[in-house]
Amino acid sequence: MSRGDNPEIGDGIRFTTPSDHVFEVYHEATCVGTEVGTHNPDAFPRHLVGVGVPALDHSLITAEDPGLMDRFLSDVFGFYATERVQTSLDPDADIIATWMTNSTQIHQLAVLAGPQGKLHHFAFRLGEWSEVGRAADLFSMDDVPIDVGPTRHGITRGQTVYFFDPSGNRNEVFAGGYLAYPDRPMHVWTPEALGKGVFYHSRELNDAFTSVLT
Amino acid sequence: MSRGDNPEIGDGIRFTTPSDHVFEVYHEATCVGTEVGTHNPDAFPRHLVGVGVPALDHSLITAEDPGLMDRFLSDVFGFYATERVQTSLDPDADIIATWMTNSTQIHQLAVLAGPQGKLHHFAFRLGEWSEVGRAADLFSMDDVPIDVGPTRHGITRGQTVYFFDPSGNRNEVFAGGYLAYPDRPMHVWTPEALGKGVFYHSRELNDAFTSVLT
Amino acid sequence: MSRGDNPEIGDGIRFTTPSDHVFEVYHEATCVGTEVGTHNPDAFPRHLVGVGVPALDHSLITAEDPGLMDRFLSDVFGFYATERVQTSLDPDADIIATWMTNSTQIHQLAVLAGPQGKLHHFAFRLGEWSEVGRAADLFSMDDVPIDVGPTRHGITRGQTVYFFDPSGNRNEVFAGGYLAYPDRPMHVWTPEALGKGVFYHSRELNDAFTSVLT
Amino acid sequence: MSRGDNPEIGDGIRFTTPSDHVFEVYHEATCVGTEVGTHNPDAFPRHLVGVGVPALDHSLITAEDPGLMDRFLSDVFGFYATERVQTSLDPDADIIATWMTNSTQIHQLAVLAGPQGKLHHFAFRLGEWSEVGRAADLFSMDDVPIDVGPTRHGITRGQTVYFFDPSGNRNEVFAGGYLAYPDRPMHVWTPEALGKGVFYHSRELNDAFTSVLT
């Protein structure tokens, strides 16, 4: 993969994962979000008219074997799982979903059981719950379809609104989540608590959430 | 109605409204919520283990003719409407719902078209959106059924969670709402925007919300 | 006082209070803040670039005899005191400051012992603590001098930033405060707790706060 | 350094840094904060009566040569600087302070010019601004001396209250801060903006903040 294949991205490696997703890794990207500069910068840019997200946060993709992707991301990229959904607490139980990171961010890439090569959603970072609520207000003003939220996730403890962009992809705004460390004991969720794990307040999954993939 | 008919309530008048609700008006009640005292009081009591609501905020009741109740509350109690749902913008349009107050609080009593003599919900006061989210978290921890929320109302602009108490009554925690004044122009909602008026984010009414009355 | 003396204000009465302030009362003012309209309105206007206050909240003025102004506002305008600073808890103690309202708003006009006819500050309404913090951020970006805050008041329990406008008047952004009722027991503060009553976190008054009047 | 030298800490290495601080590195510590467990955990523990911090966040220490500590932490521990105060923008300018991390957390260890071997403060993690305000309320209720805050830092953009524990050490509660990445351009502050860099709202350092070290 060469500089110019993607706008503002340098040379890199493109490969297909065991989950049939095409991944690209690269070591150079044009830095964006520089409106406030780097010399005595203000805390945020003025005159943002929409939700004003400062960064991407994470993605959730689907794979037939999330356990295989968990090993792949651990062995090849040094990620570790912060939370998992398993068929039971048995150490040999099947992995239904896994939330993975290589930093103190609670997750950077999550994998959910489902068809190979699909995207469930990607998420933009927000600072806190008041911004999550404001994002939902703005989505309504602009007739953006909201899938779920504002609400909290039991898994990751983040606060969230899921919404659909004009292409039909599910997007998320996400705030919070606790500090991850490799030696912090992993949270394990079992199927009877899955509703609460995903949507902490309604405690049930909606049909769109489990079926709309792109 | 005499002192002792209701705990901690003094003499008063009990009467039946045109909506077939039994109202009680009284001039004396034991003051509760006094843990911090009135001399150099702290900002809130310590050691509250639940949602920690400081006050009641408002009620929503149903009546066959909300317009009649609007006139009754105006003429007899000096209330005024801050927001209404009408069949159209025509000044003679039927009133489907009315939000009424006699202070700067955005509503104290609201009336929705429906059966005579029924309660839709009553609401506890919270300070802000962060407390509304925390209330929803606590409801999940304690297996309290949530009807809707956390979300915002278009009407009143308050932030809310509806939940059911063990008797099956719908309760609400409510924060925000703008300052009401008698000469502030009333907000008028028409049926095509009713979903957004009630639930600003989902923009649709759920079945339970329009049917469960007690 | 006639229509046209003040922009957008109707006929009224202009008089001088016992505290030597000129008050104007009127029954008609052009309604402002109407960008979202009154028919199916959105929750807030888009494209506000600054603090975006929706309303005025209250004023604090100084008088040689705050107790006299308390009686004047009670007897003539039907206000009642929600909180007071007194020299002691004795019912005949001198009143050093009084916070008064005629609604459920925690105060609309407060009077502090000081020179006759002076303004301490007036306050704009904000919705919640997250907006108070954001206002302070914007003041720094725009080099607006901050007097005190963000912090909480012990008296009224509101959340606040005091700042100076280009004319040298102290302004405030104010959120929160509990619901006031005429029969709610008044909070009484005595001098040893005055610092905490005014600035709940620093627990002391700064020099500017007690001296800059306009 | 052997298991048992510190409670709940395993074998490790104790050494003295170029800044004359004694550091201990270890690979095993008893996991605390486990009240909600790791199987289908609730979002937070119930019945926390105080500030309820979930984790430590970072420390700030002083050294005669912060630039030397910056190189030491980079070369030996793989940290990188997210923000720096320098005497000028010149690449060879002296480093007055440096904020360093080895993850997406905005800083884990910061070093400020000052005497060798001293602690300026260490910080507890909070989730958001509403919790920072509540912490300040609780400090006042419990007569905990507050040094500065609630306010925002320009540097790191975190939200903060500094307070003193009964031993005289400065502690902090800290929320927010943006996501750090090794290739994100470093923020550089120069002396004329130092007040705003440290305390974004007051825009000036107080005497205690620059002098009390332990």
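Should a chain be cited, it is by its letter among A, B, C and D, assigned in written order, with residues numbered from 1 in that chain.
Going forward, contacts are C-beta pairs under 8 Å (C-beta built on N, C-alpha and C of every residue); 3 or more make two chains touch, one makes a residue touch a chain.
This one's a predicted model, so the numbers in the text were calculated from it and none came from an experiment.
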Any chain in contact with subunit B as well as subunit C: A, D
Chain located farthest away, centre of subunit A as origin (C-alpha): C
Geometric centre distance via CA averages, subunit D-subunit A, whole Å: 27
Distance between chain centroids, defined by C-alpha means - subunit A, subunit C (Å): 45
Averaged-CA centre spacing for the pair subunit D and subunit C, given as whole angstrom: 37
Per-residue overlap in subunit C, given as positions that touch at least 2 other chains: 42-44, 128-130, 137, 140, 152, 154, 196, 200
Interface residues, subunit D side, partner subunit B - complex: 42-44, 46-47, 49, 128, 130, 137, 140-141
Residues of subunit B defined as touching subunit A within the complex: 129-130, 133, 136-137, 139-140, 146, 149-152, 159, 161, 196, 200-203
Residues of subunit B defined as touching subunit C within the complex: 29, 31, 34, 38-44, 54-55, 57, 89, 103-105, 125, 127-130, 152, 154, 157, 175-176, 178-179, 183-190, 192-193, 196-197, 200
